[in-house]
Each structure stands twice: as structure tokens, then as C-alpha cells.
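One structure, pasted below without further comment.
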Amino acid sequence: MKKFITMGLLAAAVLGGAAQVQAEEGVSIGKGFEKIWHETGIYRFINPKTPEEKKADKLAAAIKAAEAEIGAGHLEPALKFIDMSAALGASEATISDLQAQYKDEIEHGDEHHKGLLPEGAGQLVMILVGLGLIYLAIAKKFEPLLLLPIGFGAILTNIPVAGISAAAMPGQPAGFLYYFYTIGVESGVFPLLIFMGVGAMTDFGPLLANPKTALLGAAAQFGIFIALLGASAMSYWTGGVVDFSLQDAASIGIIGGADGPTAIFLSSRLSPNLLGAIAVSAYSYMALVPIIQPPIMRLLTTKEERAIEMKQLRHVTKIEKIVFPLVVLLLCILLLPSATPLIGMLMLGNLMKESMVVDRLSDTAQNSLINIVTIMLGLAVGSKLAADKFLNANTLGILALGLAAFVIGTASGVLLAKLMNKLSKDQINPLIGSAGVSAVPMAARVVNKVGLEANPQNFLLMHAMGPNVAGVIGSAVAAGVLLALVG
Amino acid sequence: MKKFITMGLLAAAVLGGAAQVQAEEGVSIGKGFEKIWHETGIYRFINPKTPEEKKADKLAAAIKAAEAEIGAGHLEPALKFIDMSAALGASEATISDLQAQYKDEIEHGDEHHKGLLPEGAGQLVMILVGLGLIYLAIAKKFEPLLLLPIGFGAILTNIPVAGISAAAMPGQPAGFLYYFYTIGVESGVFPLLIFMGVGAMTDFGPLLANPKTALLGAAAQFGIFIALLGASAMSYWTGGVVDFSLQDAASIGIIGGADGPTAIFLSSRLSPNLLGAIAVSAYSYMALVPIIQPPIMRLLTTKEERAIEMKQLRHVTKIEKIVFPLVVLLLCILLLPSATPLIGMLMLGNLMKESMVVDRLSDTAQNSLINIVTIMLGLAVGSKLAADKFLNANTLGILALGLAAFVIGTASGVLLAKLMNKLSKDQINPLIGSAGVSAVPMAARVVNKVGLEANPQNFLLMHAMGPNVAGVIGSAVAAGVLLALVG
Amino acid sequence: MKKFITMGLLAAAVLGGAAQVQAEEGVSIGKGFEKIWHETGIYRFINPKTPEEKKADKLAAAIKAAEAEIGAGHLEPALKFIDMSAALGASEATISDLQAQYKDEIEHGDEHHKGLLPEGAGQLVMILVGLGLIYLAIAKKFEPLLLLPIGFGAILTNIPVAGISAAAMPGQPAGFLYYFYTIGVESGVFPLLIFMGVGAMTDFGPLLANPKTALLGAAAQFGIFIALLGASAMSYWTGGVVDFSLQDAASIGIIGGADGPTAIFLSSRLSPNLLGAIAVSAYSYMALVPIIQPPIMRLLTTKEERAIEMKQLRHVTKIEKIVFPLVVLLLCILLLPSATPLIGMLMLGNLMKESMVVDRLSDTAQNSLINIVTIMLGLAVGSKLAADKFLNANTLGILALGLAAFVIGTASGVLLAKLMNKLSKDQINPLIGSAGVSAVPMAARVVNKVGLEANPQNFLLMHAMGPNVAGVIGSAVAAGVLLALVG
Amino acid sequence: MDLLMQGLVLMVIGMATVFAFLVLMIVAMNRSAAFFKKFAHLFPEEEKTPAKGASAAGPAVEIAIALAAIKAKRG
Amino acid sequence: MDLLMQGLVLMVIGMATVFAFLVLMIVAMNRSAAFFKKFAHLFPEEEKTPAKGASAAGPAVEIAIALAAIKAKRG
Amino acid sequence: MDLLMQGLVLMVIGMATVFAFLVLMIVAMNRSAAFFKKFAHLFPEEEKTPAKGASAAGPAVEIAIALAAIKAKRG
């Protein structure tokens, strides 16, 4: 047991070591760790923000908001935020820089905001994309709970004249999907309620029975960061044809988390313009897990490894299950508060389930509430599939990087599992590493199926559920890191 | 089959021909068709709005909003919209006209906004109206799902001091029904969610088995337009005692659509002040369908016609049912985008049902979601039953016109069915024409009952369901036309 | 029967008489009754507010809002409301007074808004408080449906950096619990929806079978007003260490109503800063009813009294049950419109249940809707458990006063029941008086248990349900009085 | 002291109003009971509750009863 | 008079559009029926409904049937 | 190049944090398991699940069982 903990700490240390090296080259790695440290609960309980820091936060937020609004071509709010920045004491240089950006937007804005296709043709193509998603949902059963509403939302949002996702005009209400998006997604409420429902449906028992498999849920998040790196590289090497900011790269990376609500939550905060493409990519690859993962799993393991039978899991007591969500939440508070909305709601759902004192709330969270929110969330995500945001080279990049993220996540999970099998007393079937990407419970079922092919007595489902649910936590933690550093 | 399609096209052509004649007289009929054409998806996919057109739209909206706010006596927002109109380049004449209206409102506003009765007495009467609706709902089982909450909402909204439907005051939240109304009805969200639930409960099988019966669902919409005409005439002939704008006339007409969510959706957009009376009228007459329709049906048919048995409906395959909602939506996108919020949500619900891949969403849409929304929608509609809006000659006019619309819709459905029976190879029982008004499924049950009276072997229920569900689509299309032309 | 009515009227008269005495001393008791009279429906149906009164209301609201915002340290909106007050015609003295307060806030604001502990330590302690509530909910089954979400909300809201309950920053959405609070609690919507669900679960049959027991539901509200008085006294005698305004005292008193939604609704309107502590206190003592009440009940009654068996309740007809909610609502409209949001929604729920024509709405109100709202309400209440609002002497005061309110409410219920037993033809077991505090159905069960101890044949449950449900109405009425007089 | 006094005022008015309200409610309940007793013939009680109670166990039970009966006969 | 005229215009355009829409819908339904009849072999009807119907009564019934059978045999 | 570098930095910090978090979670799980094993007597497992499983089929089944038994006896 200790061995694996040491191993994990070692991995963290090695990565931290790399950080030192990088820091020499003038990049702000040291500062990155410092920033993370300053955003931990441990630090902040002892050093709460001073009024000066709070004011500085406000100023930074105002400047960021001004830049974002200029970039989006919203001239009126942009002006408001420039004024607000000045009032909060921004330097003259900053203000004049903002004003220059503002002037540029007025003069050249039209050129910046052009889609690849004329508006009408773009809408027509996007309606076909929506129909395609619906086809995949119905005929191929690709994550139909989400892809059907997303596809339908994509159709509705691209209907000319109707303005179903349009913001309000004077004296006229906004389109109804606009409300779904702003009230439910921009606020973060819908993905978080879904996460609560997921928590209420999740059994952490298999993880508690074999804690060390949580490492696999960490390893599989490697796909996230490789995709992030890939997005940065793509932006650099294509000379801006594909054009991603660091925020965009982070949002794209999270596709590798193989977890819908996490991906939607993070990208609604970092890159709302890419949200549609990212959500579609995430759910599509989650549906494709049974096709994407097996070849990688077979490539990286020998038949003997795949045939390994694992020791039956120990019984986990009720009290352990009740305490677990609270412990994880406390850990998250101490180490990474920025991940607490996600981890918190997941654990609230799980606590409602395991405590067995609020069964009616838990039932509702798992059924009517999650269903209502799923319909509305799907439509709202679809409302971000506007032609000018989706029909461009970036979307191709996102699809390619999303696939890469899944592949690399799967591979790193399997490889760490192989290593653990070498080091462990009890045998570990390397296949269960691939379940670390999450995509609950599909990835665990795939493990079971591939395991049975190699050995008809080999039931890996429950063993794979450990890394599987750990992967959900792992990607929520990764999202928290990204929020803390680039949010 | 071809015969009926030709017939429908002919009807459209004749009506279009009439248009030509009218156009000669200087009225903007030609322009009306041109406007509809410019608001089709076909036209807009090819000619998306130019930035200039978009700016012109904004200006028109700002002027309309300014006038509406002046009319409602909301001085502050009125001023804002006048300024906005100026900023968007309104002509000096327009601005000075708005300012004149604004001045008139300040000087004579009190006189404009007086109810028939003193405020207190009016509230007392409206509470009795609310109790009356509740009585009808409970004792007479008149559409209790809506009329009970509407009646209760009417009581709550007319309680003095409590301000349950009042807008916010400084430092004080608005009354809770005000939130239900603005968030749910003004935004269009509640009626659209109800429509989604209706779609998930609707079986279009009988229509697909006998497509030509859809014509009956078109004919029965005649009641809508006759009532619209009647409202205009009433306004003209009573010399302003009953006073309806064109928007009001359109909202009143839609009562003849015999479809609650459509009526609420349209009148929330065109005539929010009349919404209460219109919704009450629509649901009351829907409840009275078993009393209103049979005499008309008997009057217009012979006993032999009523006794006609119809050929058993063919089996409709699953795939036809899945494709149908998408086809209707696409048709609507191409021809009448302004109807797509309604048609779209209806078809989303139906697709969720028929696709059978998202049963949990479909169940929720049909049960907890539609129930929650029904409670809130009913209360919100009741909140529009304020004394000064309801206790006047207009309401009597609305009730009279609503009844006329049901009668005429029923008659035109039956008459077209008689004609079709004459022309058809397979016999058509003219009674099923009356089901074209929608009022699903009550109108179809009435057909069945009247049919059984004439011939105890004559089970018309399924045959009447075809026109019945076509009538829902028909009135949503009519609402789309009205939105496009007077919205 | 008459005897009890006379008795009730006498009690009211005596209290009113006391009022006359007090009035001599220059306190505004006479004016208080006059104000209540002016806020009755009877008065307002006859004398609706004049435009002048409406303007005066607006001005008063603007001044109150300005003071509240200054007190909360929200400088920007404070300035807006000062301007608004000036525009609405506030006297120069008032304006200069507001400006003085505003200046004081700018200069000494920091000192006013300091918590007892440094921010970080305070948050840590509050997280422990949240854990404590969750422990009570799970291990001790203390009202888990509310206390589990409240406790979890308390944890989430006190996480540093995450800002889960923070208001929006420029360009950044607010924390998601902030939305739950403003949309659901500040608006009053969540507690009212819960009340509707409670109404749909409540059977008023036992009360209708024995109407005079409603007096017990009145007597038990005495706890509310003693706690109110206690809060005032505490504020006076501790020289401001414990510091409650009259609004605060009223909100604290309502804990004695032993009714969660009423307490949350009232304190969200009068003392949002204390809402967290008040809700926690109310639910905790409701959970402790089986421990708090029995000793008091035993102390105030003899064994013979406790052993009294009561006459079996008569059958109540369906029609009486249907008419009851409407009658109570009308009574409330005539006498105390300010209580109609609460009484109205309770009675709407009950009417939906008893009318039996909208069973699907009633089911939803009792199940998925109330469950969804309970989760969100609990979290939102928890979001008010911020360290600087909770960790101070006031909270200790609230806990002490809440306990006193329960004790006194119980005692007054039992004592009135003893008196009624003396005066009554049919015997009344004094124990049922304690159920008048509401805490449905726990208090009634406690009565049954204590009754069985004294006499194993003595089943008091149904007899106790009468005062129990009357207590719900009683505390809603008390809340209405407080809203009318200090709201 | 002012605050205390106002609290006392609130208590007096509040308890008076609560009692007045519930007394009037009692009167209304008694009147309503008398009225509906007098005109009971106009409001026939639908015997819905027993029917509902019986079917509360769901159609499954009825089918089971039928099945059991059949099997029992055959057996 | 202007209002009346506009009402008439709306009626003409409205009824024409409603008929045109539903006629096109009829055409689409007929085409779709013909298409799926022609290619019926590509879209096999899943016989899902009967299976669902059978289980609608819930597992309780099935258990009850089994139990009744057992008891009957023993009896 | 700057963007790439920052991506690399994010990767290093991100993976380190993810591993650190999950390692600490493993430690916590192991500690918790040890703790509750040691004090197992303080936290008796309620045997709720089997009871629930039995009643999952609902009261209908139990009634059906009873009925079947009765019928069988009579038969």
C-alpha cells in the first residue's frame, strides 16, 4: 500500500522538479505553484484576503471583463468596464491600452467577427449538424440523453428570423434558449445540479475497497494536459489558422476528463465561445469509448496481463461510505478550493444517497431533477452551436485534440496499471487503468468486456469501478487547477 | 389522395387570389405576402439580414418599446427607450412624436388608466371571479388543471395591501407571482415547456395513417381569423367602447385555436394586458367543447353522414413516427420560422417520445416537469386577472368572440369534411371535421360520442385523432403567421 | 362551543384593553391597531390607496432601502436610493441625515463590519458548524431533510477563494448559491412553494371535526411574542453586546412558530442577516420537540388529566374539506392581507389535495416539486451562515430565545387546554395543547406518546392533529401581523 | 426602553389578532358544518376513498388474486 | 375601417399559409410513407411494445404468478 | 512559443496537483478504513439492505403470497 503512495508522491515530486528546471528558463512555473499555494484553503484560512487584495481582484476582473467585451464586439458594456477599471485605479497605460483595443474593435470589428460561410449558408449547415447529432443519438445510441437535446438545440438556434437564442431587444424578450443558457449554464447551476445527481447515483464502494486504484484515476488525467499542450502547439504551429488562447486550450484539454458536466462547467467559465464544440466532442467520444479504448488496451498489454483475475473486493461498511464524501470535500477545501463547486455538489449528492436519511431528496436528485436539468442543459448547450462559432478550423482542432486526449488518457491509465501490477503484492489487471478516464460506467464495462475476451472467468467490472469513479474526482481536480491558474 | 392536395393548394390559391383583389384597393396585402416571404427560412437562408437591416430592426423595436411603455404609464423606461431610439438614428419627427405622447401621458395619464370600478370594488369582484373559476374547475370539472390555479392566482393577485403580483419597490422584492409571470410567461418558457410535454404525450400515428385528414385541421383554423376580423369589426362598430388594436384582435382570434399554450404564448407577446381574459376564455370553451360542438355537428350533417363507418387505419411504422417531428420542424423552418418556438418544442417532446432512446426525459416531460410548470403557469396567468384589465367591455367582447371562434372553427371543419367525403374514394365521416379545432383529446371524444349516437358500431375516436392533432399544428402555424405580421 | 368562542374574544379584548392602558403611556399602541386596521382587506376594499399614499409608500421604501444599503456597506446602491428618495420628495432633513449616515459608513465602515474572528478562522469554525449540523442530521436524525442541505450549504459558503455564495464581480458570474438565495429565498418563492407542498400533505379533517381546538393553536403562538419581547429586552439589558432591531426581534420570535417555511419567509423579509441562525435554530428545536416538550407537559398536568380519553372525532364530509381552504383564505384577505402569501399557498396546496380534480398537480407538489425546492432552499439557507453573520453574541441570543419560545409556546398551549377542559362539557386532554406550537406532525406524536404513558388506551394522535394544524395557521397569522407592523 | 415598549405593543396586537383570527375561523368552521349538515342531500359523499384504498395495492394484487383463485381451483 | 381591412388581409394570408403548410405536410407524410414502405427491409420494426406491455404490471405480478403456481402444486 | 511554455507549466502543475490530491485521498481512505475497523463496535452495520430488497417488490407481493397460501390451503 505504502509503495503506491510513495509512488504517487514521487510522481508529484518529479513533476515539481521539472517545474524547477522550467522556472530557470524564465517561465513562471515557480509562480504557478506559488499561485496554487495561495489559492489553497490552508493558506487562505491563515491569510484571508486583505481589503487591498480584494480591491486588486476587482480591478483585475474589471480589466478582464473590458477586454472580453471588446473581443466579443459588445461596445456598450465594454465602455462600462473600461470606466469601472479607471474608477478602481487602473494605471493610465492600462486604460489607454484598453481604449486602443476599443477603437480597433470599432474600426475593424466587422472583419474580426466574420464566419467562414455567409450567415444563411452557415445556419443551414449547422441545422444539418444538429440533424447529424440527433441521428447519432437515435440510430447509434450515442449518449442520447445529451446529444438528442443538444442536436435539437443546435437546430433551433440556427433558425433564421426566429431568434430562439438571441439576447433581448428593447421591449422584446430574449429567445427562450437564451434564458436557458444564461440562467442555467453561465451561472454554472445546471452542470452542478447534474453533478449532484451523478453523485447520488455513484457508489464509491469499489474505490473504498481498493483505494490505491485511485492512482489510475490520476494517471488518466494526463490526456487533459497533453490535449492542452496540443492546443497551444496547434495555435503556434498553424500560425493562427487555428487560434486558441490559454483559456481555450484549458477548456479543450478538459474533454480528456471524459466527464460532461465538468467540461461544460469549465468551458462556460473559460471559453463560452467554444462550449458547443467542446461539449459535443466530449459526449461524442464518451459514446465512442467502446470503439476507441479496446485497441489501445490490447496494444499496451499482453494476453497474460489481460487474463489476470483480481482478488475479490472487501466489504465496505456504511460508515466509511458516509464519511468518504465529507473527507473528500474537506481535502478539496484545504488543497484546491477552486474545485469545490464541482467536488462539493458531487459529494452532496453522494452524501444524500449514502446517509439514507434523506432518501426522498436523493431520489429526486437522481430522477426528476436531473432529467429536467438534462433537457434544459442539452438545449442550452445546443444554443451555443451557432454557425460563426462552430464552422471554422478551431472545431476541427477541438475534435482532433479531444480524440487525442481520450487516447492518451487511456494509455496512461493502462501504463500506470502495468507498473502497479509489477510493484504490487496482489495482482492488478492493467486493463482497469483505462477506466481511469471516467466516462462512467461505460469505460468500466469496456474493461470487463476486454477482460472476458482474454479469460472467460475474469469479471473486472467492480475492480474497474474504482479507477472509474476516481477519474471523475481526478478530472474535477484538474478543472479546479485550470480555474485557479487561468480562470 | 392527389385530389385533396390539389384542393388544399386551390384553397390557398383562391385566398391568394383574393389577396390580389384586395391589393388593388390600396391595402398592403401584396406587401403582407411579401413580408411573410421575407420571413421564411428559404428566403433568409439565401438573404441573411444585413447589418443595416439588423440596425433598422433595433430601431423599430426601440420605438415600439417606447410607445408601449408610455401607454403602460411606465415613465422611466419610456424615457430610456426614447433616448435609445434617438441613439439608433430615429428621425426628428419620430422623436418629437414620442415626446408628445410622453407629455400627454404625464398630463392625462391618470385618466387613461382608470378601471370601470373603484380599485377596491374591482378587486372584490375579481376575487369573486376567481372563486367562480375555482367552482367551475371543481364542481363542473372544467379544465381543472389550469382553471383551478388560474382562479387561485386571480384571487391572490387582487388582494389589497399584499402586492402578490406587484413589481419590485426600492429595497423590496416583487410579489412572488410577479416572478412567475416575468420569468415564466413573459419569457415564453412556461407555455413552451407545456407544449414540449404535450408533444411527448401526443401520438401522431392516426394522422400519419390518414394524412389527408390534416386538411380538416387547417379548415378549423378559420375560426381564428373570423374572430380576429370580428374583434376588428367590434372595435370599429362600437366606436371604441370595445377597443382592440390589431395585436389584440390577433390574440383574441387565437382563442379559436383551442389550444392553451399557443394562446398564452401568442398573447403574452402581442397583448399581455388581455392575456388573463384570453386564457380564461380559451380554457373555458375548451371545457365546454362537449356542449358547444354537438349541436353544430348535428345541424350541418345528415344522420346518414354521421353513421358513416370509416376504413380501419393502417399500421404506422416506428420509423415514420420518428421522422415525422423532424420533417414538420424542417418544413416550419423553411416556411415559417416565427412558428418554430411552438412547433419546435412540440416536436422535441414528440421526438423524445417516439425515439425511445431518452425515455427518462420523455417521462419527466410528461409528468413532473409539465405538472410543475402547469401550477406556476396557472398562477401566473391568474396574476394577469387584475380588475382594471379584466372588468371592462373588452372582456365581454373577448368572451363573445372566443365562442364565435369555436363555433365557426367547428363548422368549417365539418363542412370541409363533408366536401372531402363527396370527393373521396374511401368514405369520410363529416363529424371528424369538428375535431380539427384541436382541444385534444376532448374534441375527438365528442366526435366518437356523436358518431355512436347515429350508429352504435361506429367507433370514430382514432379517425378523429388525425384532424385533432393536425389542429394543434394548424393553430401553431396560425400563431406564427400572426407573430410574423403583427408581432 | 359558544363558551370557547366567547373565551377567545375575551382574550382578544383583554389584550386590546391592555393596549388602551399602554396607549396612555405614549407608546403607539392605538396607532398599532389603527395600522393593522388600515392594512385589513375590509378597510382597503373600501378605501383603496390613493396615488398620494402610493407615492408616500414609495418614498418610505426608498428611505428604508437607502438606510439598509448603508448599513450593509453597499455604497453604490445606497447612493442610488438616496437620490431616489430626493426625487420622490424626501425632506431636506431626511436627505442630510441619510448623507450623514453615508459619510459615517465610508469613514468607519470597516469597524462596523468586523467579525469576532479573523476571516479565515471564522470560515474554519463555520465549516465545523456545518459538519456539526450534518452530524445531527445523519446520526441523530434531526430534521435531516433541511439540516443536511443547510449544513452542506454552510460548508460550501465558507470555503475561501471559491466564492460559492459571492455576488457577481464584473465579467464574472456570481457563485451558484448566490443565485439560489436571491432567486429562491429573497423573492420568497422557495418557502412559499414548500408551504404549498405542506398544504397538499395536510389533512385539516381533525380540526374540522373539533373546531374549538383551534384556540390551542392560537395560545401556543404566545411563545413567538415572548421571544420577541425577550429579544428586545436582551438588546436593552446587554447594552448592545447582543444587538437586535425590532425587525430582528420579530424574526427571532417567529422561531416559536415552530414552522420552517414561515420562519424563513419572515426573516428573509425582515432580517436577512439573521436568516441562517434563525432557520438553524427553528429546525433544531423542531427536531428536539420530543425532548423539550414532555417535561413541560408533565410539569403542568396531573396524571389524571394526562389519562383523559377524548370522544371519537366525528366524520368530516368531503365538501367541508374543500370549502375550508377557501374560507380561511377569504378570512385572511378580509382581516390580514399581509399573511396571504403564506396562508394562500398553504391553502392552494390543500385545495389541490381535497378537490381531487387535480391529483397530478397535488402529487407533484407533494413530491418532486417540494423535494427539488427543499434541496435548493436548504443550500440557500446555508449560504447565509457566513462567519461574520453567525459567530457573534447575537447567535447565542437567538438560540436561547428560540428555546424559550418553544418552552413558552408549549406551556401556554397546555395551560389553555387545562382551562378549556375545566369549562368544557366534553373532556379535553390538556396534553393536546402542546401540539398547538405546530412542528407538524412531531408535536402531535409526542402528545400521543405522553398520553399513552399515562393511560395505555389513550390514543390522542388525531385529537392532537387539530391544534397541530391550527398552529401552522396561527404562526402564519402572527407572521402576517409582524410583516404588517414592522415590515 | 423604547424597543421593549414596542415589543410589548407588538405582543398585545399580535396575540389579539391571532386569537381574533382563529376565533373567526372557529365560527366559520361551525357555520360551515351546520350548513353542510342541513343541506347534506345536495352534496352526496362520493364513496371514493374505500375504492381508492382497495386499489392502493395496485392492479398487481387483483391479478394475483385472480391467478391464485384459478390455480387453487385447478389444484 | 383600416383595422377591419387589415383583419381581412390577415385572414387571407393566414388561411393561405395554414393550408399551404398542412398541404405540404400531407405531401411529406405521403412521401415518407412511400419511402419507408419501399425500404421497409432497412428499418426492421422492433417488437418492443408487446414486451413492454407484458412487464407493465411490474415484477410483482410475475412473482405472484410463480408463487401461485408453486402453492397450487403443493396444494 | 510563450503559449506552449505556459501549456507545459500548466501540465506540470496540473498533474502534480492531481496526483497529490488523489494520493492524499488514498491516505485518507486507508486511515478511515483502519479507524472504522478498529472502532467497528461503535458503528453497527444496520442490515437495512436485505430488508429493503425484500420489500422492493412492494406490498403487493406480500399480499399475493398470503393470498396464494390461503387459496392453496383451501384448494
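Should a chain be cited, it is by its letter among A, B, C, D, E and F, assigned in written order, with residues numbered from 1 in that chain.
Definition applied: contacts are C-beta pairs under 8 Å (C-beta built on N, C-alpha and C of every residue); 3 or more make two chains touch, one makes a residue touch a chain.
Remember, predicted model here, so these are calculated numbers, not experimental data.
**Student:** Which chains sit in contact with both members of the pair chain B and chain E?
**Tutor:** none
**Student:** Could you work out which chain's C-alpha centre is the most distant one from the centre of chain B?
**Tutor:** F
**Student:** Averaging only over C-alpha atoms, locate the centres of chain C and chain E and give their separation in whole Å.
**Tutor:** Distance between chain centres: 50 Å.
**Student:** Cα centroid separation between chain A and chain E, in whole Å?
**Tutor:** About 38 Å, centre to centre.
**Student:** So how far apart, in whole Å, are chain A and chain B when each is placed at the average of its C-alpha atoms?
**Tutor:** Their C-alpha centroids are separated by 42 Å.
**Student:** Of all the residues in chain F, which ones touch at least 2 other chains?
**Tutor:** 58, 60-61, 64, 68, 71-72, 75
**Student:** In chain A, what residues contact two or more other chains?
**Tutor:** 367-368
**Student:** Could you list, by residue number, the parts of chain A that touch chain F in their complex?
**Tutor:** Contact set of chain A toward chain F: 1, 4-5, 8-9, 11-12, 15-16, 18-19, 22, 25, 27-29, 32-33, 36, 207-208, 211-212, 214-215, 217-218, 221-222, 224-226, 228-229, 231-233, 235-236, 245-246, 249-250, 317-320, 323-324, 327-328, 331-332, 335-336, 356, 470, 473-474, 477-478, 481-482, 485-486.
**Student:** Using the touch definition from the top, list the residues of chain F that touch chain A in their complex.
**Tutor:** Residues 1, 3-30, 32-33, 36, 40, 43, 45-46, 48 of chain F touch chain A in their complex.
**Student:** Looking at the complex, which residues from chain C come into contact with chain A?
**Tutor:** That would be residues 110, 118-121, 123-124, 127, 131, 134, 137-138, 141, 144-145, 148-149, 152, 155-156, 159-162, 164, 169-176, 179-180, 367-368, 371-372, 374-375, 379 of chain C.
**Student:** Considering only the defined contacts, which chain C positions touch chain B in the complex?
**Tutor:** Interface residues on the chain C side: 39, 41, 44-49, 51, 57-58, 61-62, 64-66, 68-69, 81, 84, 186-189, 192, 196, 269, 322, 326, 329-330, 333, 337-338, 340-341, 344, 348, 351-352, 355, 357-358, 360-361, 363-365, 367-369, 484.
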